[in-house]
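Labels run A, B, C, D and E following the written order; every chain starts at residue 1.
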Amino acid sequence: MWIWYKVLYALIVVIGGLAYGLLLGGISRKITARLQGRRGPSVFQNYIDLIKLIRKRTAISHGVMFFLAPMFRLLGGIGVLLLVPIIANNTALSNFSFGGDLIVVLYFMVFGCLGMALGAADSGHPHSALAPTRGLAQMAGYELPFLLSVIGLAIAHNTVSLSNLVAAQQGGILHWNLFQYPFLSIAGLIAMLGMYMAYPFSVVMAPQEIAVGPPTEYSSTFLSFMFTGRSIFGVGKYVLFMDLFLGGATNLVEAFVKTFVLFLFVVFISNVFPRYRTEQAVRFFWTYPLVIGLIDFIRIFIK
Amino acid sequence: MAEILQYFMLFLIVLMLALALFAVKTKDLLSAVIASGFISLVASIVYLYLQAPDVAMTEAAIGAGITTLVFVITVRKTKGKEK
Amino acid sequence: MVFFAASLLLIFIGLYAALVKRNLIKIIIGLSIMDTGVNMLIISLGFVKGRTAPIISLKDLFKKGSLLVDVSKVVDPLPQALVLTAIVIGVAVTAMALSVVIRMYSVKKSIEIDDFKELKW
Amino acid sequence: MVNPVVIIAVTLIAAFSIGIFQFLGKKFVRGVFWLTILFDFTAILSIAYGFLTKVIKAPIMVKIGGFPPPIGINLYVDQLSAYLGVVVFFIGAMAAYHWINRGIDDPEPKALVLMLLLLLGSTGMIFTQDFFNLFVFIEITSIASYGLVASKLDGFSLEAAFKYIVVGSISSTFVLLGAVLLYKFAGSLNMLDISNHINKSMYSGGMLIIISIMFLFGLLIELEVFPMNGWALDIYQGANPAVVAILAGGIVKGFYLVFVRSANYLKFPYLLKIGIIFGLATYLVSQFFAWKQKDIRRLFGYSSVGQLGLLILAGAFYINGNLTGFAKKYMLFAIIFFVLNHSFSKSTLFFLADLFGKRNIEEWKGAISQNKFFGFLFSSSVLSMAGAPPFLGFWAKLFFILAIPRQYFYIVVLVLIGAAAEILYYFNLYRIASENDGEVLDYKGSIIPSLFNVLVLLGLAVLGAYKFFTITGMEIQNAKFLAFITVSAIAVLIIGISRIAQWILALGMLISFSYHLIRNQNFVSVFNIQSFFVILVLVGAVIFLFATYPLSKKYSASFYPLFIFTVFSMVGISVASNWISLFIFWELMSWSSYLLINQGSKKPAWIYLVMSAIGGYSMLAGIKLLSTGSNLIPVFKASAIAAPVWAAILIFTAFLVKMGTAPLHIWARDAYGESPDGFTPLLSGVLSKMGVFGAILTIVYLIPHISHSNIILYGLAWFGALTALFMALLAVFQEDVKKILAYSSISQVGYILIGIALATSLGYSAALYHTVNHLIFKGLLFVAAAGIIYRTGTSYLPEMGGLIRRMPFTFLAFLMGIITLAGIPPLSGFAGKWLLYSALLEKRWMFILLIAMFASIVAFMYCYKLLHAIFLGQLRDKYRDTKEVPLPIVIIELILAGLTMAVGMKPSLILRFSDKAIKTLGFSNPGYAYEGAHRIVSKFGYWNAYFMAVFAIGSFIIALVLFFLVKAKIRKVGQLDIGYAGEVPDSPESVHFGYDLYAHMRRAVRVFIYPHVENSYRRIYQGLMAFVDYTRRFYTGDLNTYALWVIITLSFIFYILYKGVF
Amino acid sequence: MRKIVAIFFLTIVGLYMLSLFAQIPFGKPYKGVSEHYVERGIVENRGSNLVTSIVVNYRGFDTLGEVTVLFLAATGLSFLLFSCKCLREFKRIRSSLVLRTATDTLFPLILLFGAYIFIHGHLTPGGGFQGGSVIASGVMLLFLAYRSFHVNHKALSTIESLAGITFAGIGLVGLIYAKSFLANSVISLGQWNKLFSAGLIPFIYIAVGFKVGAELSGLISDMISTTKED
């Protein structure tokens, strides 16, 4: 019986996550527009778009992998969201988070991206490789500081379970990893910017250069799936970072607030900086955040 | 008598060494060959003094005779002069 | 002693020729001088002062009443026998060497070492 | 048995009678010649056989002239001289046959007389026991050689002959002087008598020492000792090869025996010193000078001289090295084997060089690839010369190394360095000769002598192995297994006309072998680390062998035999019970795999071989360090002895080379990338795992006894981590599917190394799990790549693309392989990563963990590249009709893909085996525990593979259902029908971009992917080459200089041995 | 430069060897096997010339080798100089009447002398080698005297071979009848200082004499070249 409850909760989390993710996307567009002095679309524009896409009647397919790619994407998104505990030790909202989950999450995050890249390439679009390769290269960039902070935290707390990490950060704001291990956190948060492919690390999605990126060839239902996957994935990552650095959450409100703060952090940063080229981004990640993170890392190593 | 013989031997030895040096130093191959033949000849006399008549005979016949002959023929055939 | 020294000198003069001279025939002359030196050295090794050659043609070399020869009256015959062989071998080698030289001359019209340095490294 | 003196008398009479027979005609002369040779050979053979069967118990003593020894001359024939006599006459007969066949120089009767007297001289030399008589026979031998060397009468041979005459005369002068002075000293010329007169204390007097030096020095000149061996090399280069063959193969060995025996009789106390200085110098100098040699005959000459140096060294140790018991016996056999091996293989090589006719090794291109039989003979002798197992040279070297006392370890090192150098230049030649392109060249003349020689060599190989195993008293299973391997390989070789038959037979052998192994109760009940690897090898071999069938058409008949050889030698490695048998099978594996790789591409194979040789020999050196005085064969035992640090490091090097660990990885890319496609899966999946096996053995049995072992282990882990990272990074920028997989392979093995270096039970679990897992997915990828290359004809990524449409199954399998490789759950790759990371966390090796994890991120890049460039994008026009890869390959692909899936769901499929294996390594538990059926728990967390698989598949199904629920009409659109500016023309130019996908990344990491290591290797190699090229000018070709060096050497010897004068 | 280096190292070697010979007394009595040769030489061989006894009997094997060496040299030389163009360039000049007359007179004497030497090898100084070379020098004289002189190679070769076979054959006879190769005791040793004494020694020396004479003559003729075209 237990498993069915879990499935039920999972469905709720996924739908909730989707709704939240779409909302965040809308807010992001709004903020950007406002900063640029435009009115911008409605914050609910993404909901409208999604419904529109689903309702479209025809879709084209270039082949099996093209067909499967959105599935992978969606699966990756859902997987990440479900593997991180939104509220630790809560039957409903701890999701499928379990003992070894940090490493699993790290690897599962790639799953969707891989599917995405494969699908795009299968379209036969000559530029299809551009975005995935940039993305992978940039990933190699930001993953280094990110792994640094994750490993640092795991060693520091002697656990790779996100739930345990969250538990270790309870008992006041100063117990948060953000304050316990500020340098690691800085490295991790900078990596997060890369992970969201926001400015200045947006060369992957760069619409001006690659028409509209991987989704160029996708439309209607396929695109809707991608859209869904991306939104959910985004939320999943916010939750992950919340759990890692901001002490997790004990109730839903706290979760909303913390993820929203993270979201704002990304949005504001991205509206300030110009874009890096891939190699610049990689070099950036391999220097400043890494060096900063190493301070704490070595501290943990010595301890 | 014995003393004279000894001095004679000494003389022969010096002669041999001188001939050897001459054979090595001279530019004319034929002279060198003849000199080396002479060394053998002188040596055979020395052998006699050293109570080795057999060897003396052999040295004279083969060392001084045949060897020199072979040398001479070779020098003639190679029209040899040392540079 | 003089014989030793002289023989050694002969050997080394011969060797010197083999080491320094650039003419093939000269080198062989050197070797044959060296041979002579060696032979003389060996003979002088077998020499014993005041003894006679090892040819027993007189009765008084025998020990009394037998065919056993009195050792103290004869020089060492063995080195002489060895030298006999050595001399013959020497002439054989010289003849071989000289025939090679004749052939070398017919190939290159030269008997200088400088023309025979193709095999190297 | 024949009286030895009859041999000499009959030969002499025959030689004299040819003077009469020459008037009767050529046939009579030849008849007399061959009859004599036959008579002599049979006579000596009968004596040798008598010794062998112990019918003759004591050495034969023949009085000549009826006088007892000190008075008269006598012959003394013992075992060694009889054997050597057989060899001399055999080689002599072969050389004579070769010479006659190739057109003997006129006048023929004289040439045959010279030949006969040469053989007579060397026989007399070996047999006589009188110093002066020895001199006479030396002169006979020398003068006959002078004539024969000059026989070609061209500039080269005359020059060589003249140099020989001059140096030879100097040499014989010293021998003569020495002999006469010995007479003066001891009053006798008989060796035994003199020996009885001499005792070691007389050497302090100074007189005897100079006499002995003069005598031995004369022989030493004839033994072509550095630095006075220029003349010898010139002979090898300039003279008639038939003559050189008999000189190098027979006569010089006679001189060698005489030298060693004389030194023994003289009780010369400094023989060891002389042997070490001159033997080693000769050996090393010639092995290195040969590197730059372009003239094949001079190359062989350097090799011969080098072997002589080794022999002198061995002889010095045998006589004067204070060897005891077994060591002495080993050394004796080493010497015998060296002599036999060198005689037969070197003479064959000279014959073949003459038959082929080309002097410059560059012109040997294609010599053996186009003439199969010629190639077989050439390969056999080269392999034997270079000491490849199971040839005789290998056993000789092994005996030699085992016999050297441990305090002379530096000699072991230097000899092994020389051996590696020898392999380097021999196989450079072999590489050129086995090149496939080049015009069709044929050899002229009869190969019968070479064939006989090689047959003897093969027989000797069996003898060598038999003797080695019986004398060292190693388990007889090793010998049996070696015989089994050889017989199997030969069986497969024999049916070489049909590849299918070979395939079936090989497969049948492997399967039945595995079946019998599993049926063996012993094997099943005692399941240890070795059984683990045996199963790994056999399973991998069966799978990959199965997949080779469609590819085999283009392989030569030796592919399957070598495959079998490789596989069984790996089994041999896995079941080895001591270090030496491990080494034997290790070398067997290296060489057979080299020959396999060489069937694909030559240069990489050469580099592979050289690296393997360096590795293998360093292992041997390490093993040597493990041995103690009484225990020459170190066994695997944790409590054996306190192993020195260097032993562990040296032994480890071999394994690191095979694992491709940086910076020893330079062979790997091209060897993997250009080896035959059917073999690469085995190479990557199984063969590199032997390195893993060895590493585990080393760490378990050696490292714990070393102080600071932690540092070594930590260093190893760093090596593993850096390998994992940088090889992954290098893979990203490759454009060849197999080369990407190659780098990936060594990168993955780097992970395994980390696991091993942890030396915790969890680390071993991770390593063993990953070992199997890597076999599965890398095998899958390589097999798939082989299929793709088979269909498309290229391995170059930018030429592929869009193949998903033509090869859906392959794509599916490949995709699963890639997912496993990337370690993405739910397939089997993740569990290995999880175990490894947990193990690292447990040990708190944070930096290594960081690097390892980061390396797997880098791996994503090339994973994507592979998928994208091969399968995705637009299909090229030329592949429009390409079919799915052949059925056997598809089957294997799907089986392996299914395995990744199954293992991904249930890692215990592998772990239950590794658990058992780990228990035998002395750990009580595997480092993790099971919780329930599927959950693996470590200190840090747990991993539920089953759940994860169900979760992934479940959500995939949910998403799919969701998709179909909202499914709109899907219109299939051709790939070229894509909407961007303009349409693709009808006859489509492919716009699939698969080249240099990570150009941007390259800019970021340029400094890391620059081939620093390869360049430094190249620079070292070139530097050495330049050095060698400069120093080999030592051999100026100037006769005076050669003669001068003789005198310089003599004064040097006087100086070091006798200080009484000044 | 080379000279200096050569002299330097030769001096070093020379000094070492000198130091050796300084320790060997010159002209002092010997010991060892020679005592046996000298003391029992006559008893065992009956030959007055002890050197001959040693050369032919005690160390007969050496002599067999020595003969072989000479044979080898002759063979090798003719092998190497066979049909060498180089030989034709050498023109033999016509010799003077004096020389020819002297040759005519001396040649038989020289031959006789040579024969005497090797037949009396066991009695007087000299033996096969010396006698042979004396004969060869006679042949050489013929070469000098007569421009068109050439030797019969076939005959020489046959003599050489037969002589050689005789030597080795005698050795084998010894092996068969006296259980020892080259044993001297096959026939009666005879009396000391008589022509027919010393067992097989004279026979061997005669064979050697023929052989050496033939060989050296052949050698000279090969070098001077007596091919018919000249």
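As a working rule, contacts are C-beta pairs under 8 Å (C-beta built on N, C-alpha and C of every residue); 3 or more make two chains touch, one makes a residue touch a chain.
Computed from a prediction, not measured in an experiment: that's the story for all the values here.
J.: Applying the touch definition from the top, give me the chains sitting in contact with each of subunit A and subunit C.
T.: Chains that touch both subunit A and subunit C, as defined above, are D.
J.: Identify the chains in contact with subunit B as well as subunit E, in label order.
T.: Common contact partners of subunit B and subunit E, which must touch each of the two, are C.
J.: Using mean Cα positions as chain centres, tell me which chain lies farthest from subunit B.
T.: It is A whose centre lies farthest from that of subunit B.
J.: As a test of understanding: of all chains, whose mean C-alpha position lies farthest from that of subunit E?
T.: Checked the centroid distances; the maximum from subunit E is A.
J.: So which chain ends up closest to the centre of the protein, judged by Cα positions averaged per chain?
T.: Chain closest to the assembly's C-alpha mean: D.
J.: Quick one: report the Å distance separating subunit A from subunit D, using the average Cα coordinate of each chain.
T.: Once rounded, the distance between the two centres reads 54 Å.
J.: Mind checking the centre-to-centre distance between subunit C and subunit E? Centres are C-alpha means, answer in whole Å.
T.: Comparing mean C-alpha positions, subunit E is 15 Å from subunit C.
J.: Determine the centre-to-centre distance between subunit D and subunit E, using the mean Cα coordinates as centres, and give it in whole Å.
T.: Distance between chain centres: 55 Å.
J.: Which subunit C residues touch at least two other chains?
T.: In subunit C, residues 3, 15-16, 19-22, 28, 44-47, 53-55, 78, 80, 82, 84-85, 88-89, 91-93, 95-96, 98, 100-103, 105 touch at least two other chains, as defined above.
J.: Enumerate the residues of subunit A that touch no fewer than two other chains.
T.: Within subunit A, no residue touches at least two other chains.
J.: Give the residues of subunit E touching no fewer than two other chains, as numbers and ranges.
T.: If we look for residues of subunit E contacting two or more partner chains, we find 2, 6, 10, 13, 17, 24, 30, 33-34, 37, 49, 51, 59, 62, 65-66, 69, 72-73, 76, 80, 86-87, 125, 129, 219, 223.
J.: For this entry, which pairs of chains touch?
T.: Contact pairs between chains: A-D, B-C, B-E, C-D, C-E, D-E.
J.: For subunit D, which residues are in contact with subunit C within the complex?
T.: It comes out as residues 132, 136, 139, 142-143, 146-147, 150, 153-156, 158-163, 165-166, 169-170, 172-173, 176-177, 179-181, 183-184, 189, 230, 233-234, 237-238, 289, 292-293, 298, 1032-1033, 1035-1040, 1043-1044, 1047.
J.: Could you list, by residue number, the parts of subunit D that touch subunit E in their complex?
T.: 3, 5-6, 9, 12-13, 15-20, 22-23, 62-67, 70-73, 105-107, 110-111, 113-114, 117, 120, 124, 128, 130, 132-133, 136-137, 139-140, 143-144, 146-147, 150-151, 153, 181, 183-184, 186-190, 205-207, 210-211, 214, 1040-1041, 1044, 1047-1048, 1050-1051, 1054-1055, 1058, 1060-1062
J.: Please name which positions on subunit E make contact with subunit B in the complex.
T.: Residues in contact with subunit B: 49, 51-52, 86-87, 89-90, 117, 125-127, 129-130, 133-134, 136-137, 140, 216, 219-220, 223-224.
J.: Of all residues in subunit B, which touch subunit C in the complex?
T.: These residues of subunit B touch subunit C: 9-10, 13, 16-17, 20-21, 23-24, 29, 32-33, 36, 39-40, 43, 46-47, 50-55, 58-59, 62-63, 66-67, 70-71, 73-75, 77-78, 80, 82-83.
J.: Inside the complex, what are the residues of subunit E that reach subunit C?
T.: 2-3, 6-7, 10, 13-14, 17-18, 21, 24, 26-30, 33-35, 37-43, 48-51, 53-55, 59, 62-63, 65-66, 69-70, 72-74, 76-77, 80-81, 84-87, 123-125, 129, 192-193, 219, 223
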